[in-house]
Structures are given as C-alpha cells and as structure tokens.
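You will see two complexes here that share chain A, one where it goes with chain B and one where it goes with chain C.
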Partner chain A sequence: MEIGVKLYGEFKKYAPKDDDRISLDNGGTVAQALRSLGLNDRDLSYAMVLVNNIRVKFDRHLQDGDRMDIFQPIGGGAEKLYRYVGKPVPRIDARDKVTGRTKYSTDLSFPGMLWAKVKRSEYPHANILKLDVEKARKLPGVEAVLTADDIPGHNGFGIITPNWPVLCRDRVMYMGDAIALVAAVDEETAERACELIEVEYEELPVVTSPEEAMREDAPQLHEKGNIMHTMELRKGDVEKGLEEADVITEGEYSTQFMDHAFIEPPGGVGIYDEEEGILTIWCGSQYAFRDQLQIARAMNWDPRKIRVIGSPTGGAFGGKDEITVQIHLALLAYHTKKPVKLWWTREETLIVNSKRHPMKTKFKIGATKDGRFTAIDVDVTADTGPHDTIGAPILNLALESSPGPYQYPHSHFKGRSVYTNNAIGGEFRGFGAPQVVWGVEQEIAKLAGKLGIDPIEIRKRNALKLGDISSLGHTMQTSVGVTETLEAAENSDLWRNREKIIRELNKKHPGKLHGVGMASEWHAVGLGVGIPDFANIDLEIHPDGKIVLKTGAIEIGQGNITAYAQMLAEALEIDMERIEVAHGDTFKTPDSGSVTASRSVLVNGNAIIDGADKIKKRAILEAATILVEDPNNLVYEEGAVRSKSDAEKIVSIENIAEVCCRRNKPLQDVGANIMAISDKDFGDGLPHNYYTFITQVALVGVDLKTGQVDVLRAVSAPEMGKAINIHGVEGQCEGGVVMGQGYALYEDLKMEKGQVLTSNFTTYIIPTAVDAPDIETIIVEVPEKTGPYGAKGVGEAPTVPITPAIMNAVNNAAGIRINDLPITPEKVINALKAEKR
Partner chain B sequence: MRPFDYLRPKSAEEAIEMKARLGKKASFLAGGTDLLVKLKEDAVRPEALIDLSFIESLKEIREADGTVAIGSLASYADIGSSPLIERFGYILRQGALEIGAPQIQNAATIGGNIANASPAADGIPPIYALGAHITLVGKEGRRVVAVEDFFTGPGKTVLKEDELIIEIGFPKMMEQDKGFFKKIGQRKALAISKASVAAVLHIANGKIEEARVALGAVAPTVIRCPKTETLLKGRKISGSLIEEAAKSVSSESMAIGDVRSTPEYRDYVIGVLFERGMRNIFSDILP
Partner chain C sequence: MKTVNIEFTLNGAKTKVTVPANMTLVHLLRKELGLTGTKIGCDKGECGACAVLINGKSMNSCLVLAAQVDGKEVTTIEGLENEGKLHPIQEAFIEEGAIQCGYCTPGMVISAKFLLDRNPDPTDDEIKTGISGNLCRCTGYTKIVNAVRAAAQKLKNAGGGGETR
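Coming up: the complex of A and B.
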C-alpha cells in the first residue's frame, strides 16, 4: 500500500528522496512506517504523528492512501523531548560534597605550610603616621612581615578601578583596610605577630553616610571628590507623562548593608615554585582569569606564570568576584618561598568583604484610571564605601532594574554612588536590583490599591512583551515571560485560595493576622552592552570513551557544571556519565568569563553547543576515512557516525578518537560564544539583552502584639527560557527565597561611626531552617531561540522580588507599610501604633 | 586562639584543688559554648583549662525531700529530657528547650550558663522563679547562695576564684503551682533573648497565694518583679488582673538598647510575653 508522508523539523532529514509517499506492506503500523523512513528509537520516543489530521498511537494500522504528518514537537506546541535537558538531574558534584570528599581551597594543606594573617586598620578613617614591624619580624616563628613597600607592582585592585589598596601606605579608609601581612609557622604565632606591629595613626573625621559625604564641607575621601559615579537615563518626557496620569504614587525607600554569608569564608593557599617560576593560588573565586590579571598587576609579573585555581568555591553570591586573599597569598608565597595559607575568620569576612550596597530610592509613578502606567521617575543614592570595586555598574543596574518589567511611555532615572568610610558596597546576587525592586513593587501595590485593581492584573496590563520598547528605550529582543510568570503565580494554590487560607489561619491563631503579597521583577542576564561577555570551552573525546569538557567557569555551589554536562550529553547524544568537567583553573581550562550576572549557563551553554557541533563535523570527516564512505552520506547520531545507506557502516566517537590519537591529531576542539547584545547602547554597560522574569508570592503571619513577622509559604514562578536542570532551578529558587527573607526580616550589617556592630553570626542574623517557609517553585518556560536549548539564566532573580512580596503580604495582613529594611518587630510595632492613631 | 594547658580532673575535689593552685590563670571548662567563643575572640586568656566534663557525679539530676538538685554539669539536653524536671520544674524545661538549638543544648551546661552570668541567659529566669539555691564548693568549704544573691552584674557573680558550682537546688513545684517561661529572640532558633520572663504562682482556693516573676535581658542581671508579685498576691485570676500585671511587668523592666533591640520594645514586649504566659497557664479558667 502507499502512504503519504510529510516530515517536519529535524525529521525532515528522513524524508524519502524526491517523493512524498512510501510503500508499506498491507496492514503495516505507524511504527513500521516510521522505521522504514529511518527514525530510530530515540526519535520514536518523542515523535508526534497525525494520520489524516488525527493524532494517533504508533500501533495504529495504516490503510492504503493514508496521509501521515510526522512532527518533532518544538516551540509553541508540545516540547521537544530531551534526554537530559529539562530533567531533574542529580548534581554531578553532589556525592563528593555531601560525603566531604571534595577539597575546597581552604581544606588544602601542604608540608611546611605557613599561616598568614592580615594586620587591619583600627580606625575607619585615619592617616598612618608610622608603621613599625620590627618587633613582629623578630618574633620566633615569623617568616615574613610585608608592608606596602614590598609590593612590586600596582598597590591596588578592583574590578573596574583598582583603587582598593593591597596594603595601605599612608591612609586607611575603613575598618577592613589591610596594612601589613604576616606569615608564620602557625596561626597563633601569626596572630601574635600582628599584635606586635605598631601603627601610629592620626584619626580623621569619619564620613558615615552619602548625605554627609555630599555636604559641601564634608571631608573629601578621594581626589575626584566623594561622588564615585553618576548615571542618568531618560525616555520621553516624564513631566508630561505624570500630567497625563489620573493617579500618582510617591515613596522613598531605604535598604541596609547585607553580607553574603557564604559557608566558606574567603581563603586559600599560595605556593611559589622557584624552579619553574610559577606561582599557584588556590582560592575561593568567581573568576580565576581576572584574579590572575589582578595578581599580575600587583606583582608586576607575567600573568602566564600565575596559576589560579578557583574551583570549587564554598559559596560566593557575588562576594568572591573581587579579590579577597589572592594578592596577599601571592606576595607571601613569593617572599617566603613556602606554601602559605590565609583564611579569613567570619568576623573578618563581615568587616572586610564587600557587601550589598545600602541604597535610598525615591519613586514617582503615574497611572491612568484603568491602571496603565504613564511615567516613572526614579532617584537612587548608593553608599559605596571607600573603594570602587564594581560599584558603578551596580548603580547602573539598579537604575535599569528600577522600573520593573513594565511599559512606561515616559521615564527618568538618575543615580549616584557615593564614597563613605562605611563597609564596602560591592557585588551581591541581584547586583543593585533588590534595593530598588524593594521600592517599586511596593509603589505598584499602592497604585493597585488606589485604583482598586488586583495587584497581578495591574502588572499584567503593563507587562512588557517581546518586541516592545522597554521603559529605558531598548527593544525587548529576547524571550519575555512577564505575563506568563504573573499567570503562573495567579494560578498557584496560594494565590487562588489566599482568602480562604488567610481566613483559616486567622481563626486558628488569634492575635495574628495573615496576609498574602506578591511582587515581580525582570533581572538582567549577562554583562551588558560594551562589556566583553564571552565564553570559551575545550572538548576532548578520549579513546576510552571519556568525554572531557573544560571551562574556566567556577563551580560556586550553583550547580553550573551539572547543567554543562547535561547540555553536552544532549548535544553529543551520549550518556552523561561519560562526561568529566574540568573547571576554574587558569592553566587547565580556557577563559569563560566570570560566574556572575546569571550568565554562566547561557554563555557557556552556547559555547558547548558550538564545540559539540565542531566535534561532530570533524568526527564525520574522520569517519569517512575509517568507513571509506562519502562524508555526505554519513550522519552523526548517538555518539557514533553511521552511513545513511549501509547499516553496517558505523563507528563510535571513541573509536574515531582512537584513530585520531594514532594519527597524532586527537579528537578535540574548542567552542566559543559571545553574548548577543541589545539594539541600544546607553553607555556604561547599559542596557542588557536577556532577562530572567519572575513573580513571587509570600504568605505571612504578623503577630500584632510582638510585631514578629513569620513567612509561612512562598511561591516562585521564574521564567528563565528553559530550565536545563529542574533541580538546579528549584535549588536557586529555594535558596533565593530564604536569602530574600533574610534581607526582608533579619539581616543587617549595622554600622556606627564606621564600625561594624554586627561582626559575627550571633548578631548578624540569617534565617535558620526553622524560620524558612514552605517553598514551591513553578517553572515557567518561554524558550529563547538564541539561548542553549532555549535557556537564559536564573541565578539571581529568585532572591529579589520575594523581599517586597513579604512586605506586600504584611500590608495585606495588617495594613502597614515599612519603607526601610529590614522589617523588624520594633518597626512593625511602631507602625501598628501609628496606624491605630 | 592562644595556646593553653588542658587539665582533666576526675572529681570535683581534684578540680577545686587544681583551680586553687592555678588561681586566675585557669578557667573551668564545661560545655565550652560560652568559653570557646571568648577564647576565640581573645576576650579571655587563660593559661590552663580545667575540663569538668568527665566528672560524672556533677551531671546527676536527683530529688531529695521536697527539692530537686541538678548537678552543675547537667546539659540542657539532660534537663530538657529529665522526667523529674518535667514534673517538678517544667518551667526550667521550657527554658532548656529554647537554648540555642539541639546541638547547643547537647553541650551547654546549666553551671556554665549560671557562671557566665549573662542577663539574657535562658536558664536563669526559671531558677529565679523556682526560688533556687546554688551550692558552691571551694578550698574553704561549701556554701549555699540564694540565686538572687549570686549575680552582681553582667558577667559578674559572687563566685570566688577557687569555687566550683556544684549544684542547683529548688523546691519542687507542687500541683497547686503553675508557671511558665517565655522568650523572644531575633529568630526562631539560635537566638539570644531580647527579653524573657519566667513565673511561678502558688494557687490556693482560686487565688494567687504567692508569685515569683523573673525577667531576663532587661536589666544588668536577671531581676525579680517585687511590685508585680505584690500586686498578684491574694488576687483572683482574671483577664483584667493579667493585663494589669503585664503593665506592671513592663514598668519594672529596665531595658537598654543594643544591636538586638531597643529599650522601648523590650520594656513593652516583656509585658506581652508575661500576659501570654499567664493566659496559657490559666486558659482553663479564663474566658
């Protein structure tokens, strides 16, 4: 019998030559028809078949003259079935981590290893009049005491402007500034030596806030003045937009310093190999290649002689993108010619390491009666502390994030980042967004309330769509799932049944009021226009069947290497178990950029696919010589190259690799990707081209008498293009919720006159397991065609809108609003009292 | 941390003898949950630590004619799971289960909690409310001090240099006695109290015959509330009495501000804790 066939998508390759029909034995089934076309088991596992326009199962018997449409379900319809991508895959590093087998850099120990300590400032702002290290040098067991005089190169580091002194020479500008380094036979001796270092200071006035810093008579912290950076963006005419509004809402919000509270405080080991002239630094890091350059600049060395190994890192959250111990270790290892270990204490970490910037933000938003936004005016002031690090781009991203994922015809954004003698403002998961989203999502909630529109509905009415011009003026070129995440949140059990849930809880717990709140966000993925944003990977196929992927990306706990292995297994159509990932080593892996900005799956993923494509092409060419076949008649499939016409002719990639090795041309290649950029360039790295969209919902209980707020349930609905590892996305969302809850309720690096008052975990309070809510993650996918398997990124967004969602829930419960984070019981009680009056 | 000698006495006598010999240079070490933190922060610099944790006799919890005696080395996990405490001093059990988290309760001892003398210690308000006595033994012999006379300031006690806390004794709570311990911290576990309150009320004929109310974290030491106790004495339980007493508790609180809270909030919220504790224990007779 004759059957008409039409194949779609990747299945087109099976189409019969010059014909749209096949002949089949009478009574044959769909499955037999598919086989005769050449579809394999894997294809059959996800193919979709219509017979005469009706979807059928494969055991269906065909009749003469039937017409078959054979689909590979992609895009808008059902989804392509992957073997690894989009599945909940256990982390490839999990077993070694939970059994304690993984060695972090601070676990390393070498024979004859010295311990290092850093002598730090005793004042937040002072001139150094005299520095005497003689007594310390003479202490038995001390092998080196180094000062600014011992720095061969540039005495400074910083991702953007290297003005953070490696060791201060004549002035200290905050409590974390380093003055001298000690290496000694053990930790105690190093501590004693630090005590013996004599520093004579002349105290200088302390600048404790941006407001103070901007006064005319303020002490100037830097030559260029106290304003580190300003940024302004404008679209349309904001005054006109506000005039067109029926209602205007206005508010001023402030946020606190927040610590990353990663498990492993910054630390590592440095070794100088005199014979080879190589300096090796193992350290917690987010970008070994930048560390290498920053070390080289300070050491005045050839970076090629500096090996930095950053993987694995025990948590970073942005707090290890900048230099911590690297240069100090390099100096000491070089001077002592012995292995040296430096590991900050928790107290040191809280005082020294960069923090999430406190910001004060003013919002003015106008809307029409039917809830359409007409204009937004935003003004941000950030406290960046004494040194630059990456403060400028953080302010910029705060501005970009501040309107939220909505349409505004008119907008105006202005911000400044200001020097003080407080803690250092630096990189932190969210990169400026949490500070402003805290405000804008409350303002929108207020607007919705004023207009009597449901909070999700008002957001949907203004939601950005693919192809829209954003509030900043650039085109939304990549997948936009604002509406989808809002709908997912709207359909969640918590949101749909909120009234009932609240009623029952209020009944069960008299004295408490419960409430549900939500908030949304767009979160930029990648580094932005004008900033080099690339990844390189190396791929090697070994004759023993092992496949090695090398990436400079560091495993900081986020699960990226598992996602890479999934994508590679998918691309090469092989078992994931065969893949070994080498990562984060400047001598052994290529530069893949920093693991930051939620970028590493997107940019490394594309590089992996690029590399896999090259390997497949090369495999076909090599197989042609092995199988003695025209390469055009060969296809790559499931880890092997086979002839299209002769089933006997097949060779696996490991066998191809073996032949390649024998021919002295190993089967290996590189993959590369450069992140696509926006259609506009606003300067300073703005705007971005990819965004994660997310809506989060919180259920809280407010104790009306004690003012305590409990977060009971949380829902995250992130849209990250495509979830590569379901477990990975869930992990990011769960961790993100708890981190955002900490920001909302507990965490506060309190400063007084430049001193940190909460310098350990007894006073710097992070949520514990019993404080954490029940968390639900609803994965929303709007595949992005330029992303690997449709993926964008998801690392940061899940910690952002949860904070205002908690406040909106408190407002829903008790009618109060608190504008300055955190929402402490003390503030809640005061607000409740004010509300009563 | 600085180096120190580590000594391990087998008996209380040996421990006291060691301490008498070494004087200020040595510190007793029990669970170490306070001491190790201070050693790490370099806040104390002992040259020797006398580890008490192998002296089994100091870990006993026993009863003797109308009283319960807790060995100073009993951990809060021991106290939290002791049937004797549950029956005759359950307010201390409530306190024990709110100390830090299970890991801390396994290590932390009541003797260490008392000797450390933090006004925010959660084991101390319950023993004030229970009317406890503390037995101390030094080179010069044994003495028994009423809990109120033991603490002289934050971190300060009448303990002499060679003295060891042996045990804490208190009269059993009887059936007519009711009591509670309540605390509020910055989060649900591993939280130092911003304010805490313990109370024991002796009830006869539906009236409060005697009341002992103790407050934590709102004064230089744990304090009793004499005015509130007088106010409660001889009164019948009612909602309005509880409210009045709660106000009185707040007025007797003398809190200061620090990184954990404000004085206003502490003075206020301690009244709320008291009111909640009272409403809990009298829920059967209150509307």
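Coming up: the complex of A and C.
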C-alpha cells in the first residue's frame, strides 16, 4: 500500500528522496512506517504523528492512501527530546575545582617572578603637586617604579569612555586612584617601596553626592561639568494617563553602594617575551578581547601582540568586566622583562573596584479602579563616581527596567548619572535594575493595597504578552513569560499557604512578626540596539574522536562552559565526554563577546548550533565521497553519517575527520551568531530584544525588639526560555536570592567625605550560610524560538526582585515601609515607632 | 630576616622547610610549596577560603604562622583525594552542583570534613553553622548544604562514622 508522508522540523532529514509517499506492506503500523523512513528509537520516543489529521499511537494500523504528518514537537517534551539539554548535568570543570587543581590567574607563579603593588591616592580629591619616587627606586629588591610618565599610550581606560587614569599625573579624584606602580622581589618589599613614594597633594573640595554635584557652585570634576550622562524616554502623554487614573501612588527611594564581593580578589600575572615581542596577561576577567584592546591603547601596541587569558575567574558579577590589574601588569612586565604578579588585597578591592551605583528614584504610577495601570513617571539620579567606565548604559538600563514587565499606555522616564568623588559606579549583576525595581515593586504593592487587589492579581492584569507594545514603545518580539512566572509563584506552597505559615510562625515566636511578600522583574538579555552583540566559536572534529569547542567566553563561575558542551553534544548527537572546551584566551579562542548582560548562553549557544550545522553539512559531503553515495541519500545522526537506504553504509565523524586530515582539509568550522535586535532604536543601546522574566517570593521574620529582619524562605520562578542546565539555573537563582538578600539587609559600602568606611569583610557584611533562606526554584519555560534550544538567559534577574520582595514581606509582617536600602535594624525600629504613633 | 626550621606532616608526607618567622601558613603552602588549592580571599581570617585541617581541626591558614605547624599534621584540599579517588565530600559537591566559580570550594570542603569528622549526622542547621565561616558569593549556599548532607549519607553508607578517612 501507498502512504503519503510529510515530515517537519529536524525530521525533514528523513524525507524520502524526490517523493512524498512510501510503500508499506499491507496492514503495516505507524511504527513500521516510521522505521522504514529511517527514524531511530530516540526519534520515535518523541515523534508526534497525525494520520489524516488525527493524532495516533504508533501501533495504529495504516490503510492504503492514508496521509501521515510526522512532527518533532518543538520545545515540548523536553525530558524525552534532549539527552543533555535541560538536565542537571555535572559541570565539566567541577572535578578540577573540587580537588584544588584549577589554576586561577592568581594561583600562577613563574621562576623569578616579581610582586607588584600600586601606590594609591590618600585623598578623595586633590591635585598632585609633587611626586617623588627616588627613595622607592633605591630600596634594595625594587626592580621598577613606574609613574604616568612611563605610559607609552593613552593614560586611561574605560569600557565606554577611557577617562579612568591608568596612573594619575596631576589630580586624584577618588580614594582608589592609582599614582605609581612598584615591582619588587617580594610582596613585602613592594609594599615598603610604596610607602617610600612621596606625594605632595593640594586637597580639593570633595563632592560627596549627586545633589551636591548638581549645585551651581559645585566644583566641576570634568571639563563637561558634573553630569556624565542624561537619558529621557516617553510614550504617549503621561499627564493625560495620570488624569485618567482613579488612584495614584507616589514614592521616593534610594539605594547604597554595593560591592561584588567575589571571593577571588582581582589579580594575575604578566609576562613579556622579548624575543617574540609578545605580552601575556593572565587575569580575572569577563572579556579578554576587550582587555586586550584596552591594554593596547594604553601601551600604544599592536593588540595582536597581546595575549590575554581570562578564564577561569573566581567570581565576577560584572566587577571584572572593566580593567582591574591588566594594564598595570602589562606596564610592569614590559619594563622589567620579568614575570610580574599583582593581586589586590580585599581592602584594595573594596576601595578601588567599581560598585553598584547608588540611585535616587522617584515614581508616580496611576491605575484605574479595576487595577489597570494608566501611566508611569520615573526619575532616576545615579552617583557614578569620578570616572565613566560603563555608567551611561547602566543608567539607560535602569530606565528600561524601571516600569517592570507591565503594560502602561503612557510613560515618561528621565535620568541622569552624576560625577562625584565617591567610589566608582560600574557594572554589577543587574546593571541598574536592582536600584529601580526596589522602588517600582513597592509602589505596585502600595497600589494593590489601595485598590484591595491581590498583589499577584494586579500584576497579572497588567502583564506584558508576546506581541504587545511595551511601556517604552517597542514590540515584545521574543518569548514573554510574565504571567507564567506570576502563576508559578502564586501556586508555590509558600504563597498559597502563606496565611497559615505566618500564623504558625507568629505563634511559635512571640516577639516576632512574620510576613510574605513578592515582586517581579523583566531583565534585558544582551547588549541592546546598535552595540556589537555577537559570538564566534571554533569547532574541530579530531580523528581520535575528540571534539574541541573554542570560545572566547570566560568561565566566571556561572557554568557557561558546561552549558556550551551540553548544547554541542546535543547538536552533534554525541557523548558529552568527547567534548573539550577551550575558553577565554585571545590567542587560542575566537571572540565571543563579553560574559555580561545574561547573554552568554543565548549568543554563544546560537553560534554553537551554527557551527554544528556547518560541520554536519560538511560531514555529509565528505561522507558522500567516502561511502560513494549520493549526498541527498545521506543523513547525519548520532555522530555519524549514514545512507538512508543501505544500513551498511555508515561512517563516523571521527573517521570522516581522519580522511579530511589526510586530505589536508581538517573537519573544522566557525560558528557565528549576531543577536537579533528590537524593532525600535531609542539610541544609546536601548531597547533590548530578549528578556528574562522572574517572580520572587520571600518569607521574613521581623524581631520587634531588635528590628532584625530574617529571611526564612524564598521562592524564585524565573522564565529564561529554556533551562539548559537545571543545576545551573537553580544555582543562579539561589546565589541571586542570597545576593539580593545581602543588598536588602546587610551590605552597605559606607562612604564619608569620599572615604570608604567598610573596607573589609568584618564591616562590609555579606550573607553567610546561616543567614541564607531555604530557597525553592520553580523553573518556568516559555521557549524562545530564536534561542538555542529555546533558551534566553538567566544570570542577572534572580538577584533583582528579591530585594523589594523582602521589603514587601516586612510590610506584610509589620505594616512598615522603608524606602532607603539597606533595611537595617535601626531603620526598622524607627519605622515601627513611627507606625505606632 | 629571621627564619625558622619546621618539620610537619603535609597531606601525609613528612615535610621539612625553612621559613621566615613571620610567614603565614597560607603563604608557605602557596608560595613556597606550590599548593595553590588553598585560596586567599581576604588574608585576614574573614572568608574561610584558606581553610586547612591542622591536626584534624579546620583553621584559616592566613591566621596561622607557618612556624606554628611544627610537629603537626596539615591536610589541604590536595590531600583529600586518595589515589585518584575523590573523597565522598568532593563527590557530593560535584553531584549536587555545589560548585560555581569554585574559589570558595576548597575551604568549604575542608570545613565540611571537619564538621562530618565530629558529627557524622548533622542537621541542616548544624551544617549551616559548620560552614558559616566560609563565604561563598555564587551559590547562595543551598547546594553546598545539600552536598554536605549527601556526603554525610555517603559516608554512613560506606560504614564510616567518626574520622572520615
């Protein structure tokens, strides 16, 4: 009998040659038909078949003239569909890390290695009148003392504007500014030499806040004035929208400086190979290729002669995307012609490295009686410190994030980022979002309270959907799971049973009040319109069966390297154990962009799939000559190419690779991807095209006597398209929750007149295991068709809404609101007192 | 510079070194002996990245002078693996996904071993207290606690109890 067949998706590869029919013995079943087409057991386990438009089981008997549609359900049935993707696959770097074998850049040492130290400013703002390094140079054991005069190229660095001095010549603008470099035979000698450097300063007035900086008589920190950057966006008519509202809520919020507190302080080693003219820098990093360019600009060198190795890094969270030690190492290695190590102390890290910007925000939101938002008006002022780094895009993303994942017909966003002599505001996981989400999610909670609507319900009523025009005016073009994450949180045990949970805890702990709160966020993934947002990867199939993936992406702890191996194993249908990943080395791997903006799975994943597709196509062409077969009659399957009609004709990719090597054309290719962009361009990288959506819930206890807030339980419901590695997504959520808890309750880089008061882990407190809540992660998947296996990204979002969720829980417990972070016991006690009055 | 001669057992091997009197153990391990599995996160006793076992007790090696370990037994992360076989705590850290950047991991594993050596059947609260001197910025501790719990189970199944090896 004759059966009509049509295959879809990846199953197209099994389509019969030049025909849409197959012949089958009378009485044959669907399963037999599928096998005769060449589908294997794995395909059968997830194929979906319609016979004459009706979905059937595979034991169904077919009749002459039946028509079969054979689908691969995209993104669905993930458990069966994928072998590695979506599984809690152990990390490929775990064994080396747990045995202490992994060499971080700060673990390296070389024979004859010198130790470096940086002489830093003693004032937050001062002119340098005189710099005398002679005594330091004469100290036995000192091999080099360098100043601004020793910089061959541009004396500055910065991801956007390079005005952060490598070594200050005339003026220092914050306590972390570097003035001179020392390299000596050991750390102690280098330190002593730093002390011998004499600097004569003329103190200048210190600008300690944006408000002060914007006053007319304020000292001007830069030629262009004290405003580094402004941004304004509007949609519709916000005044009209507010008029249409039945209720309006308004509030002002502020946030503090926060340190990344990665556990490995920035550091590394530099070596100059005189013979080859190559400078090699090992360092903690997030983007070796940008480091390479920034070093080259300061050294006035050909970047191709500078090798930067940035992987692996002991935590980064945005704090190692900018230059830390790289240029200093390059200068010292070049001058001394010896290996040099520079490793910041914890104190130095807390003072020097960039921080999460403090922001002051104002919100005004209108809603109708039935809880529909009519308008939002947002105003943001950021303290960016004295040097630009990447402060401008952070303000922009703060504005983009500020409305939350909701629909507003009218909106207005305005912000400014202002120079001061405080710590430097820079890149930090969340990139401007934590500061604004802190406010907006409290305002929405207030609105819900005023209107008597459940806080999740009000958010659902306004939730963005695929295809909607956003509050900024661009189209939501990629998967939108706002409603899904809200529903997941709503269905969590903590939310459903919150009243009972609270009641029991209050009974058990008299003197404490408990409460549950929630908050949501949308978090942009990728770099935004107009910013080069791409990844290249190299793929090599070796004759010994090894498969090598090379990516410039850096493993900062997030697990990207493992996710890449999973996706590649899936794409090539091979065992993951065969894959070796080389990463983060400007001489050995291609440029895959920065590991930042939650982008690394999305953009690298697509590049990997592209590379794998090219390899598979090439393998088929090569196999055609090896097997002497028409390439149209060949399929790639499970690491081999085989004939559709002759089971004997099969050749593995390693054997194909071997033939290719013999023919001097190795089986290798480049995978490439450019991130798809939004349909609108608001300038300066706005807006974005992909978003992570997330809802988080917190259970807190408030001690009425001490004011201490404890977070007991938390739920994260992220929607990241598709989870590539379950452990990875959970890990991001758990780490994110605790980091956001630290932001909410403990962490505060205190500044006084430009001085950092909290320069160690005894005064700058991050959460310990005892502080951390029990965390449940509910993974919500709304696969994005342009993402690899449906994935978007998840790195940043889990640290964002938990902070206002904690405050909303405190409000639920004790009826108080605190607008300025962190929520310290003292503020709680004061608010409780005010509440009683 | 004043130096001292010391003799101690390092990961089971007799070790004799001459060290500056003011050198801390972590610098002896890392700079002089090349054992960089022991990390430095603060060099001030605040983070636990440098934890090692001294006579079986977990200590921050940045707070211990090298001279103080004279005659003692020191175990670092490099000493937990036994002829290529991972210690059950190490296995559990891998299986439970308790490692991200991995920089806190050696110190965490050492603290976990110290805990399980004394208390083979800890409650979750005891585990949390046991690792509360070790800061981790990546994991939120959830999977680390899971790993220590799983390791306790593994050790019990292996008929252990008391000293884990």
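To be clear about the criterion, the second predicted complex is superposed on the first by the 768 of 837 C-alpha atoms of A that agree within 3 Å, B and C clash if a C-alpha of one lies under 4 Å from a C-alpha of the other, contacts with A are read in each partner's own complex, and residues count from 1 in each chain.
By definition in this document, a residue touches a chain if its C-beta (ideal position, glycine included) is under 8 Å from a C-beta of that chain, and two chains touch if they have at least 3 such contacts.
On a predicted model such as this, the values are computed, not experimentally measured, just so you know.
Chemist: Using the superposition on chain A described above, determine whether A:Lys750 touches chain B (first), chain C (second), both, or neither.
Modeler: So A:Lys750 only meets chain B here.
Chemist: Once chain A of both complexes is superposed, is A:Thr313 in touch with chain B (first), chain C (second), both, or neither?
Modeler: second
Chemist: Is A:Phe262 touching the first partner chain B, the second partner chain C, both, or neither of them?
Modeler: second
Chemist: If you stack the two complexes on chain A, which partner ends up touching A:Pro804: first (chain B), second (chain C), both, or neither?
Modeler: neither
Chemist: Please indicate which partner A:Gly158 is in contact with in the superposed arrangement: first for chain B, second for chain C, both, or neither.
Modeler: neither
Chemist: Spot which of chain B and chain C makes contact with more residues of chain A, would you?
Modeler: Between chain B and chain C, the winner on chain A residue contacts is C.
Chemist: Is A:Gln708 touching the first partner chain B, the second partner chain C, both, or neither of them?
Modeler: Only chain B is touched by A:Gln708; chain C is not.
Chemist: State whether A:Gly557 touches chain B only (first), chain C only (second), both chains, or neither.
Modeler: Touch status of A:Gly557: second partner only.
Chemist: Have a look at where A:Thr768 lands relative to chain B and chain C in the superposition and call it first, second, both or neither.
Modeler: After superposition on chain A, A:Thr768 lies in contact with both partners, chain B and chain C.
Chemist: With the two complexes superposed on chain A, say which partner A:Thr758 touches: chain B (first), chain C (second), both, or neither.
Modeler: In the superposition, A:Thr758 touches chain B alone.
Chemist: So which bits of chain A does chain B touch that chain C touches too?
Modeler: 762, 768-770
Chemist: Show me the residue ranges of chain C that touch chain A in the complex, using the header's touch definition.
Modeler: 30-31, 34-44, 46-47, 49, 76-78, 80-81, 86, 90, 93-97, 99-106, 109, 127-129, 131-145
Chemist: Within their complex, state which residues of chain A touch chain B.
Modeler: 188, 347, 705-708, 746, 750, 757-758, 762-763, 765, 767-771, 825-826, 829
Chemist: Which residues of chain A touch chain C in their complex?
Modeler: Chain A reaches chain C through residues 88, 90-91, 93-95, 97-104, 106-107, 109, 260-265, 312-317, 345-346, 556-559, 727-728, 730-731, 733-739, 760-762, 766, 768-770, 772, 774-775.
Chemist: Which chain B residues qualify as touching chain A in the complex?
Modeler: Checking each residue of chain B against chain A gives 1-3, 37, 41, 101, 184, 186-192, 259-262, 264-265, 268-269, 272-273, 276.
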